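The chains carry the letters A, B, C and D, assigned in the order they are written, with residues numbered from 1 in each.
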Amino acid sequence: MTREPLPSDTPPMRAGTPWDDDKLHEECGIFGVYGSTDAAALTALGMHALQHRGQEACGLVSYDGERFYQHRANGLVGDSFGDGGVIKGLLGYTAVGHVRYSTTGETVLRNVQPLYADFHFGGLALAHNGNLTNALTLRRDLVERGSLFQSTTDTEVLQHLIATSRRSKLLDRFIDALRQIEGAYSLIALSRRKLIGARDPLGVRPLCLGRLQDAWILASETCALDIIGARFERNLEPGEIVIIDADGVHSYQPFPPRPKRFCVFEYIYFARPDSIVEDRNVYEIRKRIGAELAHENGIEADVVVPVPDSGVPAAIGYAAAAGLPFELGLIRSHYVGRTFIEPRDEIRHLGVRMKHNANRTQLAGKRVVLIDDSIVRGTTSKKIVSLVRQGGAREVHMRISSPPTQHSCFYGIDTPERDKLLAARFDIEGMRDYIGADSLAFVSPEGLYRALGFEGRNAAQPQMCDACFTGDYPTTLTDRETRDRPAQLSLLSETG
Amino acid sequence: MTREPLPSDTPPMRAGTPWDDDKLHEECGIFGVYGSTDAAALTALGMHALQHRGQEACGLVSYDGERFYQHRANGLVGDSFGDGGVIKGLLGYTAVGHVRYSTTGETVLRNVQPLYADFHFGGLALAHNGNLTNALTLRRDLVERGSLFQSTTDTEVLQHLIATSRRSKLLDRFIDALRQIEGAYSLIALSRRKLIGARDPLGVRPLCLGRLQDAWILASETCALDIIGARFERNLEPGEIVIIDADGVHSYQPFPPRPKRFCVFEYIYFARPDSIVEDRNVYEIRKRIGAELAHENGIEADVVVPVPDSGVPAAIGYAAAAGLPFELGLIRSHYVGRTFIEPRDEIRHLGVRMKHNANRTQLAGKRVVLIDDSIVRGTTSKKIVSLVRQGGAREVHMRISSPPTQHSCFYGIDTPERDKLLAARFDIEGMRDYIGADSLAFVSPEGLYRALGFEGRNAAQPQMCDACFTGDYPTTLTDRETRDRPAQLSLLSETG
Amino acid sequence: MTREPLPSDTPPMRAGTPWDDDKLHEECGIFGVYGSTDAAALTALGMHALQHRGQEACGLVSYDGERFYQHRANGLVGDSFGDGGVIKGLLGYTAVGHVRYSTTGETVLRNVQPLYADFHFGGLALAHNGNLTNALTLRRDLVERGSLFQSTTDTEVLQHLIATSRRSKLLDRFIDALRQIEGAYSLIALSRRKLIGARDPLGVRPLCLGRLQDAWILASETCALDIIGARFERNLEPGEIVIIDADGVHSYQPFPPRPKRFCVFEYIYFARPDSIVEDRNVYEIRKRIGAELAHENGIEADVVVPVPDSGVPAAIGYAAAAGLPFELGLIRSHYVGRTFIEPRDEIRHLGVRMKHNANRTQLAGKRVVLIDDSIVRGTTSKKIVSLVRQGGAREVHMRISSPPTQHSCFYGIDTPERDKLLAARFDIEGMRDYIGADSLAFVSPEGLYRALGFEGRNAAQPQMCDACFTGDYPTTLTDRETRDRPAQLSLLSETG
Amino acid sequence: MTREPLPSDTPPMRAGTPWDDDKLHEECGIFGVYGSTDAAALTALGMHALQHRGQEACGLVSYDGERFYQHRANGLVGDSFGDGGVIKGLLGYTAVGHVRYSTTGETVLRNVQPLYADFHFGGLALAHNGNLTNALTLRRDLVERGSLFQSTTDTEVLQHLIATSRRSKLLDRFIDALRQIEGAYSLIALSRRKLIGARDPLGVRPLCLGRLQDAWILASETCALDIIGARFERNLEPGEIVIIDADGVHSYQPFPPRPKRFCVFEYIYFARPDSIVEDRNVYEIRKRIGAELAHENGIEADVVVPVPDSGVPAAIGYAAAAGLPFELGLIRSHYVGRTFIEPRDEIRHLGVRMKHNANRTQLAGKRVVLIDDSIVRGTTSKKIVSLVRQGGAREVHMRISSPPTQHSCFYGIDTPERDKLLAARFDIEGMRDYIGADSLAFVSPEGLYRALGFEGRNAAQPQMCDACFTGDYPTTLTDRETRDRPAQLSLLSETG
């Protein structure tokens, strides 16, 4: 994981494309292989399949029995690891990889994972998906005792906890360190003899185990198993540690069992539709949420149009449930990259359609149900609604396949400050007015849980982590509550 | 335009991604602006909207009343023109841009358009979409008379014809040159005082005129008008030359009128679905072809699955016509770039799924109608069918929204040699066997023409250019028939 | 050669280092090999040895019996051709290379030589050292007749003259073209079967022939023979054309003989000291000029200090002749590159010593004779004198190993406009005052010619070209005298 | 400083140019500024002036009262810091810079200095010239106690010693750390309020203090003061620590005084000739060594020729003392960069003269005294002698301005393994035979000390560190004598 949620008035700048900025972002994907002569190539492919979980930077560490090999870069996996020469230099039978989304200010290479360090017992590389909620407090204590940090990631806290642990065996040091941390984490660690996977006691972030011939795989999502033709074995349990070595897979459960609280947003937006996450097909769940939306908030209309690409499955579900035609009324360009020309204001105000264009013939004169997965700041929704109207739509009814996003996430999702969230600023009518739709509705928490196969949300002990909708955080938030935490993780500003 | 279809035994290598290689490729998109202070920025946006017509290279020439400014680069428009600094350096009120697909061997920068040259009458930049069928013959003659070529494009033939014309006015020289060439061309030329657009007498390639405030726009497709908020004015007529200058738009028709033969493949695959090409919405035509397919070749099935993204509209049309559910049974990664790691053979043979993955939950146990737009070599179709079967499909029925592609195109489409085309090697049953489907059917030429709004194909005088399906070439193919044409355009092999 | 001396009020910007800017610059070096399996590697080495003749750009064309291979780049030979991969791609037994100095505005790659073009008779690559004085006039005529130029070099005029010649044999076309041009040129051309060398009828620029095992070499200077261990054979005669092919070396003298006018500045500054140019060792001539300086303008002093590195040989000669110690009183940094930080004005005014530093211990309290090869604008001399004074010198006596530079060169040397030349603005006393020296003297033309082994300068028919000192130009200057020449060679401004 | 002298059989690969490889290399230069609005620009200029002390990498850290700014890069200062944008980003009134020579295997950016870390007390950047002789031992202990190293430099040991010190004030922590280290070090540290300079108790490496207006400067050599026009104040004393803050310069002498042992090789080769090092002008000392050489080992000859550039001052001294002419009989190319083409063996064996060329006219038929500063492996000397002979010299008498280099340096100089040193393999006659000279002589240690102003070498307590000649190491060499030191500093091999 990468970034502590710093209390700040200035919203962090996004390096993404203008419209994607108005999404929540999963911050990481992780992947590991034990026991293949193609360990680095398989890991790069796995990272590529997890690219939707982080596009800013990526890294890979392999081990060949003698040395560890590391390559880290900003940008996409295909751009950084596509070159055969890079893969050839990453020797060994075991490897761990990481893809990362992060905010601009922190994209220096020293923060790119897997983090590697030489310990007394040998080298260890660490890849983390999630976020620790007491990292600042722990870091301050470690620095006071003489630890020098090389990054501003919370993941490095774990490395120093392992380094300064007084236990002698690596597993004991690892457990010792995990005992001290709070928050969400799925971890893959690579030592000289072991590949280690771990999930936090609530199981907030996904992690699964797969098999490819003689090799074992750890991956955030099953789509990363599919890309290399690996077989899904099982999900790791919340709080479970697995150690994979020459003798096979060993499982440990060092923490007292707690009810699972898996992140519901993985189903709504983060995970790839073809993944099977915690035993549910993501595409199928999204279709069912669409159907729930149609049942809860159906409206007289002519056509159901998704905001591509993330709104497509829910729109298919909605259209089928509502008996309406599903049409691609908005076309998305897949060539939109990171940056683009900024024409002068007068041109920009004409409404430049860099990413989406209205498919007029499908919209003109019609009552349109527009399906999107979420509304964050609302800026994109406003533009999309306007675009659909310019395309000739007679009515625009916005339907959202998640409840209103009202709270920040502290478990590894990049969320704007609360006061930037549209749902924290307005009620539904205010939101509708802001985005300019004729009507606006969100799926209810009950509908969402029904789509997931529950009878409804258990308010006393919610079955999922849905804190971004409800504010019901399943862990303590030590850093957030601590008054004397450091204002800055590092005084260093690195360039070039 | 870029490359003469050279007779060669070795298929040209493709720089594209493995699976896209098995598509026909439109070779170019063109865009021009007259009369805006943002000419270069608007042109770059237009080129971006036309990116699907060519991803290999792009170029832009602007004119500010004193000098011409040129920037050319390999790669995507966003990567080469996204930087504000580049746009700022391209001064002027008028500009012309070009995006280009080309084969590996010819991607040197000197071939990237618009081509610019200084003539006796001043500078002229030329952007071409299409292909000349007597370029080799003309080039040989010009070189014999002392012309020195700087590129291997057929477009440069036009420049030398203009330079050596004995007429004095630019328009007369231009017409003089066009009279000598055969083949398909939509052209945009930029001189010191004029922006010129031209279409060949058959109107094989598209070109339309738009308006943005006081500025005039020329563009290959309407989606390039939409991106900048410009208004569609009209398509250029076959054989029409328009000259845009300070006095407005002037139209010329120097050639005897001939029946239009617009390229049918623009509707099937090349054009963007949201474009309105020759007065028809591309997405709508594709849906109708899907419906024709269902009517002509319907089959008992459980689900209709598109090969994404190009098969989606036809699949929606098929599903609606057949009363079957439309599902995303294949998920496509949008992060696939140009190149990627090649794992060792044993891994590759596991079937690495770089670009598509089966969405098993939607396929398992089902009878699947799989919709794609065309079969070229058949290699991709074979892999896709296999992928769908591995996803658990009980039956796979392949339906193609075009007739069998049996002939090479000489009008600006990059086609493999005839003996590489699956439809030239096998009958339908042989093709079905090759790709491994349970059944295979193509839309009939009649169905295709019906979807386009005709009663059927007029065999005596076909309404479109459909030579790739029928071998019915609407022009002479001088170079192809000439025995003594040069074997090589240039003896030069340029590096770095 | 590269650039026509355009009449312009704004002095062209230099890309060089601040102090080197105040030198005249040789504009090119050329090198060719016929008959070695290492043709490209040998050529790159030869170009490297000629690097002092041009540091802005370099290019190489080779031929392997089937194709020509070209690589051109901005920057130093070692940076562009040091990579083994580049050399490996330049196949063949024969090659020609070029290094080039040029002004900023024209450093686009299309101007980098050797220029290559495909002619009716096959390919031809051309490398030129020198400058044509009627290029603009010829170019205008060629463009009027339909030739399209791809560069702004005068060398391309030659190509078009060859292309449009009505003679049939290459040699005849070549002679036909040379007959039409005026000015200075040493040329190497590479065709499919021949390597051709040529010098203008006055022999202004150097060109010599060498031998390495079975291979023949053409090179601007002998130091380029030495680097590869080749044997010097002879200099080409003024007006001579040599054709090297499978049958050996053939010599032609198509022009009426004229008295030789070799460039005297080659001895003063351009050529490398270890070269033997027109049968004289450059270092030895420079020492002798130093001795002449001491004889003509000796002065009481304690030490002789060169401005490094170009002043060293003359200073050694002066010191020996004057019986004074020679000391490195100025130390030059060899790490000075193209650009460097510009500190704020207040710091810059402290006198930043990027390139030279005073070696105080050798200067303090002493009467210093400071030796430099020339004064162009005088800005550097002023700084150097000031630096020597700050180093503690009691007196500074500047002695220059050339006569005052009062006139522009039109034969391939980059000279500032006349009104920027210090010697055109002031008399000797005014120059001394400007640079701040206690005394200033230049070697006399007579002394210079004596150092070269003549009895003195033959004013009626000078033995060398010394137009930069005397204004006595040995050819007509057609372009300079033509009123209606084009103001600009091209309307194009190319970026990226 | 950068690299521990690892015991290894394979000589480390050099990234330098072929002939420079056969030199000893100073490993670092350091520079710091306190109190200038141009701190980063001045530091970059100072680093540029110290470029001869390290060309592989360079780094700079500045502090603006709030944050530290760091830029590190491989390559030359001018290439990495020449861009104004880089300097503008390095804000603040105080800065520290470092240039570094290092071996290929270790040139990863994380090893480039200044090293920065965030401590409990704030940030600290550290730049080191020298080498610690107990770094491995200390590192092993620190890692055992839980410190995680990010680099393989010995400098980082210092950081962890400071971090884990139990003292509270920074100065006390700093002294605490210095007490534990052995070896040679000149250090500049930058904290939030202080610029700190320190020299080891023997004063092996240079460090001096200068003044520029209100700012204080610390620099390895005076030439780095000269470049910015700063005034030399004084050298730091051996064992001295100076702290520069808002109140001025404070001096501390925490260690018991010991006799100074300044590195004699700084005078022979490392320092720039214009520097005044430990109160002696380097150029003057070199001339005097040349004179001593002439007195000790004079020989009948015609000319004295230096191996440029390092042999020049000694050759001037020799020539003056011997009454022989000094001539540039070898010409050096200043365009030789990092890498260059490798022609095939047959060509290479012709003796490619990439870097030096014989100036035949000055050598032919002459008895040549050839002056160089040292012989390391002897490979270059062998080539140079051969080159001079090929230039026609009748006799070649090699004279070396240092005693034979027989021992490795452990104090910051990159020396080959002992068994690669020519002087450790052969006696003088054997060396002469190996390099192919007619005679060979080295200056005697006594002569060397006389040139430095001593009466001779005090064998009981040598006045300088001359261990590379004598094996008389002035400190313990703990790492070298420790059997159980780690074989490898890190298991990590980083790419990209």
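One rule holds in what follows: a residue touches a chain if its C-beta (ideal position, glycine included) is under 8 Å from a C-beta of that chain, and two chains touch if they have at least 3 such contacts.
Because the structure is predicted, anything quoted here is derived from the model rather than measured.
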Steps needed, at fewest, to go from subunit B to subunit D via touching chains: 2
Taking each chain's C-alpha mean as its centre, the one farthest from subunit C: A
Separation of subunit C from subunit D, taking each centre as the mean of its C-alpha atoms, in whole Å: 37
Approximate Å spacing (C-alpha centroids) for the pair subunit A, subunit C: 62
Intercentroid distance (Cα basis), subunit D paired with subunit A, Å: 50
For subunit D, residues that touch 2 or more chains besides their own: none
Chain-level touch network, classified as line, ring, star, complete or other: ring
Set of all touching chain pairs, with the criterion as stated earlier: A-B, A-D, B-C, C-D
Touching residues on subunit A, where the partner in the complex is subunit B: 37-38, 41-42, 44-45, 48-49, 51-52, 55, 76-79, 81-84, 87, 212, 223, 226-229, 272-274, 276, 281, 283-284, 309, 312-313, 316, 320, 325-328, 331, 333-344, 347, 350-354, 357-362
Subunit B partner contacts - residues on subunit C that touch it in the complex: 66-73, 80, 86, 89-90, 110, 116-120, 122-123, 143-144, 146-150, 159-160, 163-165, 192, 489-496
